[in-house]
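The chains carry the letters A, B and C, assigned in the order they are written, with residues numbered from 1 in each.
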Amino acid sequence: MNTAAVRFKGVSRHYGSVRAVDEVDLSIAEGEFFAMLGPSGSGKTTCLRLIAGFDQPTAGEITIFGEDTRGVPPYKRHVNTVFQDYALFPHMNVLDNVAYGLMIAGMPKAERHKRAEGALELVALPGFGGRKPSELSGGQRQRVALARALINEPRVLLLDEPLGALDLKLREQMQQELKDLQRKLGITFIFVTHDQGEALSMADRVAVFNDGKIVQIGKPEDVYYRPEVPFVADFVGSSNVLPPHVVEKIAGKWTHASVRPEAVSLVDAGLGVDGLHATVHSTAFLGTATRVSLDLDGFSMVALLPKGTRIPETGEQVHVKWSPEDLHLMDTA
Amino acid sequence: MSEHVLETERSGGLRGISDVLWRNPRLVIFLLLAPPALWLGIVYLGSLFALLAQSFYSIDEFSGLIQYEFTLKTYGELFTPANFDIIVRTVVMSASVTIAAAIIAFPIAYFAARYAKGKWKALFYIGVMLPLWSSYLVKVYSWKLILAKEGILNWLFETLHLSWLLNAYLSIPVIGGNSLSVSATGTFLVFLYVWLPFMVLPIQASLERVPPSMLEASGDLGASPQQTFRHVLLPLALPGVIAGSIFTFSLTLGDYIIPQIVGTSRRFIGQAVYAYQGTAGNIPLAAAFAVVPIVIMAFYLWVAKRKGAFDAL
Amino acid sequence: MRSDRAPLGLKIAAGAGLAFMHLPIVLIFVYAFTTEDKSYQWPPPGLTLKWFGVTWNRPDVWEALSLSLRVAAISTAIALVLGTLCAAAVSRTKFFGREAISLMVILPIALPGIITGISLRSAFNLADIPFSFWTIVLGHATFCVVVVYNNAVARFRRTSGSLVEASMDLGADGFQTFRHVILPNIATALLAGGMLAFALSFDEVIVTTFTAGQQQTLPIWMLEELVRPRERPVTNVVAMMVALVTLLPILGAYYLTRGTDTVAGQGK
């Protein structure tokens, strides 16, 4: 099938003068694990809400499997959502929460409860049906929300920062489980997050949002190693985005360039090696590496030094170096 | 997979109506708001403006009929010594009741907010809610019993051989009188009793919002408990006090039943309004009198809003 | 170090304050049993149950009670509908004039009752509407809306908007969502608001004196007795019964909103 699961054509959503989403074009293939990444207020969640039908675009067209969504309310879209706050119905137990979609569809009680039990097993929560949502931990609620969204067998599953409320360890475990689940079910997952690590590790493709626009779409490696604009370099990779005057000195006509912190090495200034002159501002021990903040002619830069290298003192004069292939050049402003 | 992901066909019945409403969020707001807005707008605001409009008419002194011509004459009448006296008396009474209520309410609210825990907290809460919602007339009635000449208060003074004290107090002009039930003090006590719970709840609400860590921080920085109270707790509780005072002040300002049952023959604004619209048939003057509490409260609310009291409501 | 023990002075002041709020009502319970029928004599010369029987056989008390109950029931029903609609609209979205709507709902209770009363009365006069059962209801429903509104708005705010979206996402249309998600979540708040509105209407006297004409609600009956006492013992018994009866909805409303909305009776 070559129709896209979800396609945006010039989609905008303006609230008065605020352009939450501004002329977005996008195509998500069937079976893809797609991440929408960006800082809060960048328009990624609004895009998700437009797909679900909680909000309607002010301009443009959204199609789901080739069909125009204009005027189709959320309850007529076979697209389901896992909410950021899980949105479990507090007055129902877990089983009734999961079976809600089937109840609305008119399925008899015995059958829908059986199916709900099955869905709870899928998310590794068998036998939790009798509990109230308030009696569950954050991770368990997250799984219930997932089971509830999957029971209607959606063709597209939308996940709005689903792991945001979990602690680090649980989050890493759920990342793996979500990925496995997506492979097993083979349906399209569209995943909104502000955590670049999460987006890069889980998604097949990533769209980076800024100010209501998509600034780059690509595979995680592309977005990470080959940012097309300084924003992506900074936001996705925490890269050092070099200002024009430094770039001009080293690369001529390009306006922007970035270099990843782990690619930066420091050389003792006294050795007379050619390089950029910098002062050590501070250092922070991170376990596997040490982060060194540098002052480069009033412009700050970060180097990530692996275990075993010499760590300079604060205030020390150093030369900053990197291999030419680690310098990533961008010609957009 | 041939199954459609979107149901694009039109639905009938409720689902069809739901579709239309989803496409028109503004229609939903309109439909939700129309009944209450119509009711309150027509029944209530309509009547209110009709009343206010009448305050700009006047009454013909000879025929006693209302003259439907715009005039400020009626408002001028408010400033005749007799009428102005009524306004001053009511405002002074409202202010005294408010201040006394704040003084009595604060310890209750403070204790309930900071020291009462679990069961005690619930008990305190109900202890304030019950008198708040108890029948107004029953509350007034109980004070008629208490203040009666043969009632419990006089009996108490007699039993303690303190009747001379009570008599000395009652001989003071203005606040005294023949007996407590026909004195301004009596009126004051009943007002205080009836409106006190309205002061406790907002103060308690504002005190509950003061995080204990803030008090600890003050103590940590070397403040004595008294200094913490004065410099930290009291300023933070002030919006609650103001919120409570809105109730006690406004309710006292407009009441006409309490001074009618307990108190002297000197009238309050509420009684004046009642008398002018009723037996005297002077609707314009009654309306002008009714504007007085509105203006006072509008000013009061304006000040309160600037002090941030509405968050404590 | 934060001490969890209250200073003695504060304990005494708080206890005395609470006692001041409750003793007068307790007194009414004693007076209902007194044998004295000509004055408010304390201590009561003797105790009797006689007046309960006398009150039971008074048709005027029963008529007033019946009128009050009917007015309260209908006013509460109207207030429930209007208050819930208004709360739903205000908490649902931000729209132009939202503040004005909240103000309009609160105004009938924020302004002194006498102003509401005299406004309605003069409007009835202007429009040539004769006083009736419905003029009383009109007044009561107007100020009862705010109680329901306050309770409902607090609950709507606590109820996450994503619950509604989740329901629609799972295939429920607006009406199904209302029935299966919204209603179960606001039901106790509405019940609490309804009970308080009922208590408010049942007790109201100031507005009612302006809108009732010749009919007597129970509070109007009591007011007459207060101004011109005819049979004190009967008034004592009625006062006690009213105090008892108003206890129930207040406690009920408290238990329904316990632990959820902080102050259910705000803005009475």
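As a working rule, a residue touches a chain if its C-beta (ideal position, glycine included) is under 8 Å from a C-beta of that chain, and two chains touch if they have at least 3 such contacts.
Being a predicted model, the structure only gives us computed values, none of them experimental.
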item	value
Contacts common to chain B and chain C (chain labels)	A
A-C compared against A-B, more contacting pairs	A-C
Whole-Å separation of chain centres (CA-atom averages), chain B against chain C	15
Cα-centroid distance, chain A relative to chain B, in whole angstrom	53
Touching two or more other chains - residue numbers and ranges from chain C	173
Chain A, residues touching no fewer than two other chains	73-75, 79
Junction residues of chain B - those touching two or more other chains	18-19, 22
List of chain A residues in touch with chain C within their complex	52-54, 73-75, 79-81, 83-85, 87-91, 100-101, 103-105, 148-149, 152
Residues of chain B touching chain A in the complex	1, 3-8, 18-19, 22-23
Residues on chain B engaged by chain C in the complex (per definition of touch)	14-15, 17-19, 21-22, 25-26, 28-29, 32-33, 35-37, 39-41, 43-48, 50-51, 54, 104-105, 107-108, 110-112, 114-115, 122, 124-146, 148, 150-152, 155, 193, 196-198, 200-202, 205, 208, 212, 215-216, 219, 246, 250-251, 253-257, 260-261, 270, 273-274, 277, 283, 286-287, 290, 293-294, 297, 313
Partner chain A, residues of chain C touching it in the complex	160, 162-163, 165-173, 176, 180-181, 184-185
Touching residues on chain C, where the partner in the complex is chain B	1-2, 4-6, 10-11, 13-14, 17-18, 20-22, 24-25, 27-28, 31, 39-43, 78, 81-83, 85-86, 88-89, 92-93, 95, 101, 104-105, 107-108, 110-116, 118-123, 126, 138, 141-142, 145, 173-175, 196, 199-200, 203, 205-206, 219, 222-223, 226-227, 235, 239, 242-243, 246-247, 249-251, 254, 258, 262-268
